[in-house]
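In what follows, a single structure is set out as structure tokens and then discussed.
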Amino acid sequence: MSKKLIRLADCCMAFDGELVLDHINLYINDSEFLTLLGPSGCGKTTTLRIIGGFITPTSGEVLFDDVRMNDIPPNLRKVNTVFQRYALFPHLNVFENVAFGLRIPKTVEEGGRKRKVRVPEAEIRQRVLEMLEVVSLKGFDQRRISELSGGQQQRVAIARALVNRPKVLLLDEPLGALDLRLRKDMQSELKRIQQQLGITFIYVTHDQEEALAMSDTVVVMDQGRIQQIGTPEDIYNEPKNAFVADFIGESNILDGIMHEDFVVEFFNRKFKCLDKGFAPMEPVDVVIRPEDIDIVPAEKGALRGTVTSVTFKGVHYDTIVDFKGFKWLIQTTDYHSEGETIGIVLNPDDIHIMRKSQYSGMFGDYSSYSEEYDDLEDVSLLEEEEGGDEE
Amino acid sequence: MKSKRALFAVPYVGWLALFVVAPIVMVVIYAFSTAGGGFTLENFARMGTYATVFTRSFWLALLATLICLLIGYPVAYFISREGPRFQRVAMMLVMLPMWMNFLLRTYSWMSILENTGLLNRLFQSIGLIGLVNRIFGTSYDYFPMINTQGAVVLGMVYNYLPFMILPIYSVIEKMDGSLLEAARDLGANGAGVFRKVILPLSLPGVLSGVTMVFVPAVSTFAISRLLGGGTQMMLGDLIEQQFLGGAYNPHLGAAISLVMMVIVVVCMTVMNHFGEGEEQAVML
Amino acid sequence: MKKANRTGSRFLIGLMFLFLYLPIILLIVFSFNAGDSSAVWRGFSLNWYRELFQNRLIMESLYMTLLVSLLATVISTAAGTFAAIGLYSLSRRKRDAILMVNDIPMMNADIVTGVSLCLFFVAFFQGWGGFARWFNGVQSAVELPTRLTLGFGTLLLAHVAFNIPYVILNVSPRLRQMDKNLVDAAQDLGCTWMQAFWKVILPEIKPGIVSGALIAFTMSVDDFVISYFTAGSATSTLAMTIYGMTKRRITPEINAVSTLLFLTVLVLLVVVNVREAQLEHREASREPRKPTLMERIAGRTNTPGWRWAKRGAGAAAICCFVAVVVFLTGATSSQPVVNVCSWGEYIDEDLIGQFEEATGIRVNYQTVESNETLYSLLKSGGADYDVVVPSDYMIAKLIEEDMLEELDYSNIPNYALIDERFKGLSFDPGERYTVPYTWGTLGIIYNRNMVDGEITSWSALYDDRYAGNVLLINNSRDAMGAALMYLGYSVNTTDPDEIRAAFQVIEDANRRGVFQGRVMDEVFQKMEGGNAAIATYYAGDYLSMVENQADGVDLAFVIPEEGSNWFVDAMCVLKDAPHKEAAEAWINFIASTEANLANMDYIWYASPNKEALEQYPAYYEETYGEELDQETYEIMAAPPEVLDRCEVYENLPQETLSLYSDLWVELGVG
């Protein structure tokens, strides 16, 4: 792989004695699109702010190119940030907002003498206009910020950061305030820009779909700890624990016992699987993705259950099935009416085995399934923003 | 980063301690001590002599505040219903008199209210005085207006009216128009909207207006002298006399100040209690 | 329906504005009056505007007002802004606690703020004096001043103290509204914290700062009460000068200066409003916004060379401001100076200029209202005078309390010119402390057109026939003195029964509504305008009232047959006065025959200078080309047979004084 650009070594962060980051170890490669993913309060924004230099970790080291950066203020880091809700300067127009960073004189050391260097006005003009073109805002340079739509403001914020040619761009929930449609457009736009410029993006979001769609690497965080690092495929297919399994996509998670390699028992039945390396008779979590489950007539199924609710989702149906008191979510394209008894078939590659963790037993049961789940997530995110800035 | 910025507050805290807290502590110390420096309660014991001044001050200030409210509220309300241009000019005109020294403006009232002043001459020329004399069988050459309690109240209303209009106006003006529409939608008529929505919502403005009028009114000292002719001694005059006037006694003056301050604070607390749950009183 | 509503509401708004502006319009109109009355129109003239620039008292206090307001605004705006920023990085609980203290000066009555600051300063000065003496004692490298007084410094501190809360109040909402990420964003883009402050925070909260500064400036200019208690005696703002004048007679120059100030602000506000309206109009019509001139200039000057030029210009402007302030304050402090305190309208002001020209000593001339006020000022440590001009009984009191410095008469050769009659009087029998300034009598001033026949007795003061038309003098000694003489007692009696009897006379009359008011110098305006029939006041003042009396007013003066008080006002130097030599030079100058003649002509009080007193009729004839009326001269300088009927006030023992003040309070309170 390409070289390591940024390294967080054993970083901890505490606010008022409360541990927010718990021994974070993370490296970020050059030209990588890395996403910090997790629910509100998981420490992802804090991690980003440590990299940006807005806060200093309580312990541990931040290394850029193997140089310790803990005490370097943000203005001296080759890192730029796109802020939540953009933080554009309302008193400046689009052009001046983008030119802001270029107008700050940089101190350069030359032969032991410190000298202030300014970017010439002509170059500023050229670079700003160029960058506005990159973010598809050509001709908007004299507009006032208040005259722009949310999506346009978003682009200005990106241009403002990128015009300084940072090695790393930090994006803190940049699409959170946009509507769904715009969000999708901006996702591909961001990916395009990242590939066009070939720089590192560190992206913070709580939206797993966004994370999976854009990232090279996803870092799943919860309660100040990294739960899993991997490519989107890895994370989805091989979740390390119940939290990741539940947070990334939908999962049915059951208690199981690993009898031997490739054999797992749950619901008092043994199933074949593709996992090995567990101790004999080790209790494990078993993950079964709802879309992997095939429904068959009751008599042909390996397990039998009763449909308790059906919701039409467009491409598929969300079917909740009761198996001996444990409710599963199954996604199929076929319709099964409520009260119907059905059977299911599980293939060995549909069954994922995870070691027991602190999250075991907390997720994966759909008895309290609610469609509003996603919306609630957004609300709590907003609360976190308000509260987080109070410090 | 942020903790560094918080350091900016440190000098100000020092400043507050020195120039706000310490002076008030001085007032307390003076109020409880004699010229020799010993502790005493005598300054408060003597307060009984001045009970009439206290009641007069509070009564007149209350009256002035009430009149200010009766004039100020409708005016503020009506202004807020005008176009933005009218509003801006009107508010400017409300503030503008502050740029003419209040003593001069009050003095000007003197020449209006005098026995041979503008008003009396006007009444004479339109025959009002004669008319009154004929109807009531009196024999006025003029209406005595100057050097009465009425004149003092008028002076206070005149000087402090802008402080009533301003906060009320700024609250009503900021009121969300859709609230009024919602109220109408829910079936309230014009008077109902006013009583059920506008009035309760403008209460914080009213409270801060009342405070801003009542506090200076109760402690005024020049107005009562100019328009009251020295016969309507008020708390402000009493305090001034103890510090810079004939009856030099700063200890008694401090005690009177303290008592006044405490009464005002209690009044304000009780009043603000009514508005509890409302937003913080709005100033300017 | 709706239409009619609006007319009604506009009518009400109009009425309210009429109420607000009637006195102001009157004031402006009378600033163009040819005469000097504020009630009688004598034709249009710009005279008072010309006079204004000659009037040193007004110009100096105007300058003082602007200087203090400007400095206080600049300081409090800067300090308030930083404090607000600091407060917003504190936790909410701490911030709320501090803001509560911050609100105290705004919620407290002005008079309490003023009084508390005054007490605080005085206490601090006392503490400082002790410290400085100790410090000077233990080392000799640095000499600390041991005597601090209220003055410009305390005035400025007080103004800053009451302005800061308003600045914070205006800046805070802006800070609260500001996106907290803006500063992070600026730093992220390469700014240091300081750069972020200048480039982002400041522009963001600028509207709050501007409105805070404007309110602070307005409050400062408008403030009277707090200044009054903290400025001490040697510094006087416009409001304080006006306060001094409201007691006597508002000179039309004050109307003129206020009109100028008012119109300036009016024009400024109109300009700002018109511009805002234009801007809004343009925005409403959705015209593309053209860069304003300033923005274009800013864009064009954004090159390194220009940047240095701009910085240079900024630095130069700041230097200029500092230089002007330093120069203006320095110009007044480097010169030798003498602080004189006297009564209002009690000197021919040309004399001040003449003295300054002759000696190079700057005269800081202040006035107070009465002997009692002067005493309070001296006691409270608020005064920094060298020369004071109290009356006889107060001089005795000051000597008794060791508050006066002995004079070196060899520096005052003109003392020899003082008539022997006025030397070695009861208050200064040893001729050690005083040089007489004027003398005169107390009597009844009445309007012939408002009373029946001639008045000859004090009884007129308590006569029901004149109910509502008598002005009681607002000074316990004089008011009680008149009543004592009416009853045939001595004005210096210490017999409580006699004093109570005299008080009863006044109180009864008061209860019957005989008195229209209790006045000191307000008596001028009232008597000249015919607003009262009878008053007790001083002979010299009667003569200046006659000069200014309105049409239909015919004033007369009488020393009642029961006798009256005659008084001497004398110049003295205060204990430890910092400029004793200059003070003696001033006293010597004022004691000269020329100065006495000029003063006598100007203030109509009799001179103690023998030559001046004798020469005055000739001087008058020479100056005005007509003979001086003998009756007028005798009112001014009462002949010996009249003086024989009169008594000088003596300093009374403490218990008698307490009785006086208790009774007087009783009258005021009742």
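Letters A, B and C mark the chains in the order given here, with residues in each chain numbered from 1 onward.
Assume a contact is a pair of C-beta atoms (placed from the backbone, for glycine too) under 8 Å apart; a residue touches a chain by one contact, two chains touch by 3 or more.
What you are looking at is a predicted structure, and each value in this text was computed from that prediction instead of being measured.
Of all chain pairs, the one linked by the most C-beta contacts is B-C.
With centres taken as mean CA coordinates, the chain nearest to the overall protein centre is B. Work out the mean CA point of chain A and of chain B, and you get 59 Å between them. One inter-chain figure worth recording: chain B and chain C are separated by 23 Å, centre to centre, where each centre is the mean of the chain's CA atoms. Each chain gets a centre from the mean of its Cα atoms; for chain A and chain C, those two points are 71 Å apart. In chain A, 54 are the positions where the chain touches two or more neighbouring chains simultaneously. Residues of chain C in contact with two or more other chains: 193.
Counting only residues that touch two or more partner chains, chain B has 1-2. Looking at the complex, you find that chain A touches chain C at residues 52-54, 73-75, 79-81, 83-85, 87-92, 100-101, 103-104, 106, 118, 121, 142, 144, 160-161, 164, 389-390. Those residues of chain C that touch chain B in the complex are listed here as 6, 9-10, 12-13, 16-17, 19-24, 26-27, 38-39, 79, 82-83, 85-87, 89-90, 98, 101-102, 104-113, 115-120, 123, 157, 161, 164, 166, 169-170, 193, 215, 218, 221-222, 224-225, 228-229, 238-239, 242-243, 246, 250, 254-255, 258, 261-262, 265-266, 269, 273, 276-277, 280, 370, 372-373, 375-377, 379-380, 382, 468, 474-476, 515-519, 522, 525-526, 529-532, 550, 661, 664-666, 668-670.
Residues of chain B touching chain C in their complex: 1-13, 15-16, 19-24, 26-27, 30, 49-50, 52-53, 71, 74-75, 78-79, 81-82, 84-85, 88-90, 92-94, 96-112, 114-118, 144, 146-147, 158, 161-162, 211, 215-216, 218-219, 221-222, 226, 228-231, 233, 236, 239-240, 243-248, 250, 253-254, 257, 260-261, 264, 268, 283-284.
Residue ranges on chain C touching chain A, taken from their complex, read 91-92, 179-182, 184-193, 195, 199-200, 203-204, 206, 289, 291, 302-304.
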